[in-house]
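Read through the structure below, which is laid out as structure tokens, and then see the notes.
Which chain is which? They are A, B, C and D, in the order written, and residues in each are numbered from 1.
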Amino acid sequence: MEINQTNRNQQRATKLYKKRSALEDVWRQLRRNKGAIIGLILIVVIILVAILSPILLDYDKDVIGQHIKQRLKPPSADHWFGTDELGRDIFSRVIYGARYSLAVGVVAVFVALAIGITLGAAAGYIGGKFENVVMRICDIFSSIPSVLMAIAVVSALGKSTFNLMLAVGIASTAPFIRVARAAVLVVHDEEYVEAARAIGMPDWKIIWVHILPNCLSQIIVQATLRVGSAIIAAAQLSFLGLGVPAPAPEWGSMLSAGRQYIRDYSYMTLFPGLAIMLTVLSLNMLGDGIRDALDPKLKR
Amino acid sequence: MTNQEANDLILDIKNLKVRYETQDGIVRAVNGIDLTLRKKRTLGLVGETGAGKTTTALAIMRLVPDPPGIVECDKLEISGQDILSLPENKLEHVRGNDISMIFQDPMTALNPVFTVGDQIAESLEIHEHLSSKDAKERAGDMLELVGIPRERANEYPHQFSGGMKQRVVIAIALACNPQLLLADEPTTALDVTIQAQVLELMNELKEKYDTSMIMITHDLGCVAEVCDEVAVMYAGRIVEEGTLEDVFNRTLHPYTEGLFNSLPNIKDRKAKLKPIKGLMPDPTNLPVGCSFAPRCNYVSDACLKAQPQLRSISQTHRVACTAYDNPEFHIERRIL
Amino acid sequence: MSETLLDVRNLKKYFKTSRGLLHAVDDISFSLDHNKTLGLVGESGCGKTTTGRAVLRLIEPTSGEILFEGKDICKLSKNDMRKQRKDMQIIFQDPFSSLDPKKTINQIISEPISENKIIRDKRKREDRVLELMETVGLAERLINTYPHELDGGRRQRIGIARALAMEPKLIVCDEPVSALDVSIQAQILNLLKELQEKMGLTYIFITHDLSVVNHFSDEIMIMYLGQIVEKAPTEELFTNPIHPYTKALLSAIPVPSLLEKRQRISLKGEITSPINLPNECRFAPRCYECVDHCRIGIPPLLEVNPGHFVACFEHV
Amino acid sequence: MYRYILKRLLMLIPVLLGVAFLIFAIMDVAAGDPVYSVAGADATPEQIEALREKMGLNGSLIERYIRYIGNLLKGDLGTSYISKLDVMKVYLQRLPNTLKLATLTMIVAVGMAIPLGITAAVHQNSIRDTTSMVLALIGLSMPNFWLGLLLILFFSLKLGWFPTGGSEGFRSIVLPAITVGTSLAALLTRTTRSSMLDVLRQDYLRTARAKGVSERNVIQKHALRNALIPIITIFGVQFSNVLGGSVLAETVFAWPGVGRLVVDAIDQRDIPTVTGALVMTTMLVTIVNLLVDLVYAFVDPRIKAQYTK
């Protein structure tokens, strides 16, 4: 105690006693969870592959370049995953495809997140008629099966990577509105929000400083899990021929192409699907892990 | 102990220990307590949050969740019947039949999807093998007994107020006329006037059915009203036990004294409160010596070295405090 | 010094519900002098919490005047009200939900100071936080801990420090000790009392526990279903209770002593619904002294002794 | 209760109108101006106007929408651009196939998921729990159309147990049902488990045990009914997902259902068919959602009480 007194002038108390942030707590919990760590490592590797693929591969030659002589070769030392009907190396295409899937998944969820949180948080905090209208619109959107909704949007806007992102994003907005609204409603009734009002803090600042940080964890979990389902949704559209246009190596469209050769060249349908599954699986494992780390109820 | 007294013994516990093995360490909730209770008597188990009161009750019911709970005990007998060695299916016959429990929070203690009538009738069907029609009839009787019109048997818990729910919980507990009733803070969640009603009801029913009771509470006022005997718990140990008069009028343990001094005196409103300093010890890391030593006003070196054992001061009155090694020692509290 | 700090006149707060109008606070008036404590007592659902919140305008009153130092705060604009808030603070019941789990103690206590631009300099602000922590008995080393790392008593001390940060004149204490253990309760009560003496604070002390309020208040106001049934200086209320409800409440206090066995007045039934109330004495359905003329209307709050007000047809 | 059902039915109307408008508007953008493609390159402006009127494409979006709803109420969804068939007729012809697939899928998924989820929760952290959770995670992460392809590869091409497609006999529905049902079963297992874990912590189970209720009854009688409540609430959403999933399965297995109809119609830019199928399917989903809400009310007396008030 005396030491602290004398040190007062040299060292600020806030510096003296190190703060253990909430993030560290979550990380400590997360580290104990094997699944979450495997997921985290996998997704980091996949992201690195996606970022590095243009450096490692020459798009025109390795990814979309046709080598008819090499067509439909089964996996070998030269072509780890074999080659497709146009002689393209499936391994290179799968690697490069990570860019599309991740980009579509992340951007789509970002679109959904931005719309969903704004509308949901506003609905929860403002309440009344506004909330009612937002939730009814939410009802309308969620009663259309999301695959059909995305199909409709893509066919209206035309086939392109950007429209695919938009379509998947719009189709998965409604759940975010609900999650954000529910989270805000829970936090809204907490006494610390009232305490903030009692010290004269304006509403917008209360939302920003007290409500959003406390909903954030839940939203992060939702977002992680949703990137996974967005990747699947995007692959589904591409499989139906409504996604990223050929010859780009999107995993879904690779599967669509492989489908015609399934009887004799089954490896063509094996690897792109495996890539989708691994990506989604790692995101799900990470999302589950974060959720468990944040939810003290599940602790043993 | 005479033969008669031995026959009267409803509850006999020797050296009960319960610990919870959690991620954050081993929580030592109950650390070796002995309890006995005779027929028709009511024991008040007093202490603050974390003293191990509820865990003790759960251990008597053999309901400590495992994992993470681990129960060790030398002897646990209800009316001479050994509960420790009973297999799970035999225990089911004991629970609700020989021993019942009333829980603290009536809001969550009832199943929201069944009618209160069904919930009372269920234990009658299990233990007295009544047909569902007879059990329903008896459930109606039980409701009337606790002061609820029998027509309400077909209603769901959410249609009842807190006080009414607690009455339903009491009806469930008493349905099969148990020998021992464990009441875990039965009135804490209720309003003052409702609290009085419920305490009165419990006193009445206890008389009527010759039930023995353990009343778990932090409220010394409640104890004064209901109990014959008192055991004060601190950090999983009994620090003082005796008859109601022993503990209230001839208080021995510094912790018991601290509890009394913390309460506002209704007769003397200007008196300053004398709280116990400091906080409860961390149950994952209990001190070597007396657990209360860090907060005690009479602490000496001896207190920090070894765990004090319960010693008899009179035939009924026992205390666990090293200070009484010195025959001159007495605490400040005096009852006029 | 006994000038009036707060004067509440005909305060009403009704809530719309699907089943009708809920009369949470129904036409109550009271005033409170500087450096005094008013105990607000009643069972759950009697409107005591709503009263506390409405007085601070954390809930917008349906009608009525709240004169704080002679100024009606209900008429203040949103902006002026925000400025007014530094004079009137609140301490909450639940030490768990009243502190933002994502903020450190330093952030929680300094928030009112920075928000109201009382101290702009960051270093000086931190010194002030440390000073406040010392005032409420929190060790300096806790400055960067999070609420969940602390026990209930310490959390409640943080809540008190936050309320003190702007040096308010009035603090509404909403059941500040009912969630705490007995020994910790006494610590907090003593702290609140000390602070009042030292800083000249005025308290509205909301509680259901008459023995606590007896120890703590200068004056007590008993509420039942949104109305005041009895109001008197503490001594007077305890020695000479008049309203049947007050008598029943007093007799229901469990006393931790064997020296006196009191006659208990037990009330039948429970508090009735505050929705669509009939035009009769609100306590009549549970009253053991109820007679026919109790049902003719709502009894007015009348002065029976100096400073002692009762709302009962039978006893006035 | 009847008043509540009536009220809910009335509240359905604006949602259905909103849904129809949304789809109508999107498909309107998608359509561009189909009159030119139908009329051919050398049509005169007069011919085009006449054709526009005949196809019901004259007037503003709102006018056309109101006309569409008017026809819809008469059971008329218009005529396909391509096949010139009545859209409603074609839809109703395809619907039983999709419903057959969806129903079988849901029954099997629920039948598998609920027992699995309960066992996992009751034996939390055991081998059984971990195994079911890993399987559920994989099921959830697998794109359904890829699963369909793998199933064809093994069970049709390698083993020859089931046909690769078509809709003849029971054997042809097995693989499509697994394709659609896997992710549903995975999701339901996870939901059941977490809901059950939540219920297992509740005080009222302690009350039941203290009453002497056997552990089996504590789980099957007291816990299960409470755990089912959140599962029922996600059922409506899941029905919608099953219909969505069947679009893919129907494509992979050439199953002649509504999903195939929509995908083929989009390929051919057959707007009336797409709009009609989407509107009808969404209405179906909405009505199923209402039914689920009503069931929910019967399982949970608290909700029921809210409604009957």
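Quick note on the criterion: a contact is a pair of C-beta atoms (placed from the backbone, for glycine too) under 8 Å apart; a residue touches a chain by one contact, two chains touch by 3 or more.
Keep in mind it's a predicted model, so treat the numbers as computed, not measured.
The minimal number of chain-to-chain contact steps leading from chain C to chain D is 2. Set side by side, the interfaces B-C and B-D show unequal numbers of C-beta pairs in contact, with more at B-C. Taking each chain's centre as the mean of its C-alpha atoms, chain B lies 32 Å from chain C. Chain centres here are Cα averages; for chain A and chain B they lie 51 Å apart. Chain A and chain C have CA centres that are 48 Å apart. Shared interface positions of chain B, i.e. residues touching 2 or more other chains, are not present.
Contacts with at least two other chains are made by residues 300 of chain A. Residues of chain D in contact with two or more other chains: none.
Put simply, chain A touches chain C in their complex at residues 4, 12-14, 17-20, 22, 190-192, 194-202, 210, 213-214.
Those residues of chain D whose C-beta lies close enough to touch chain B in the complex are 202-204, 206-215, 222, 225-226, 299-302, 305.
Against chain A, the residues of chain C that register as touching in their complex are 53, 56, 58, 81-83, 85-86, 89-90, 92-94, 97-102, 104, 106, 111-112, 115-116, 123, 126, 130, 140-146, 149, 159, 162, 166. Interface residues of chain B, counted against chain D in their complex, comprise 61, 63, 88-89, 92-97, 100-101, 103, 105, 108-114, 119, 122-123, 126-127, 156, 158-159, 169, 172-173.
Those residues of chain D that touch chain A in the complex are listed here as 14-15, 18-19, 22-23, 26-27, 29-30, 125, 137-138, 140-146, 149-150, 152-153, 157, 197-198, 201, 237, 240-241, 243-245, 247-248, 251-252, 262-263, 266-267, 269, 274, 278, 281-282, 285-286, 289.
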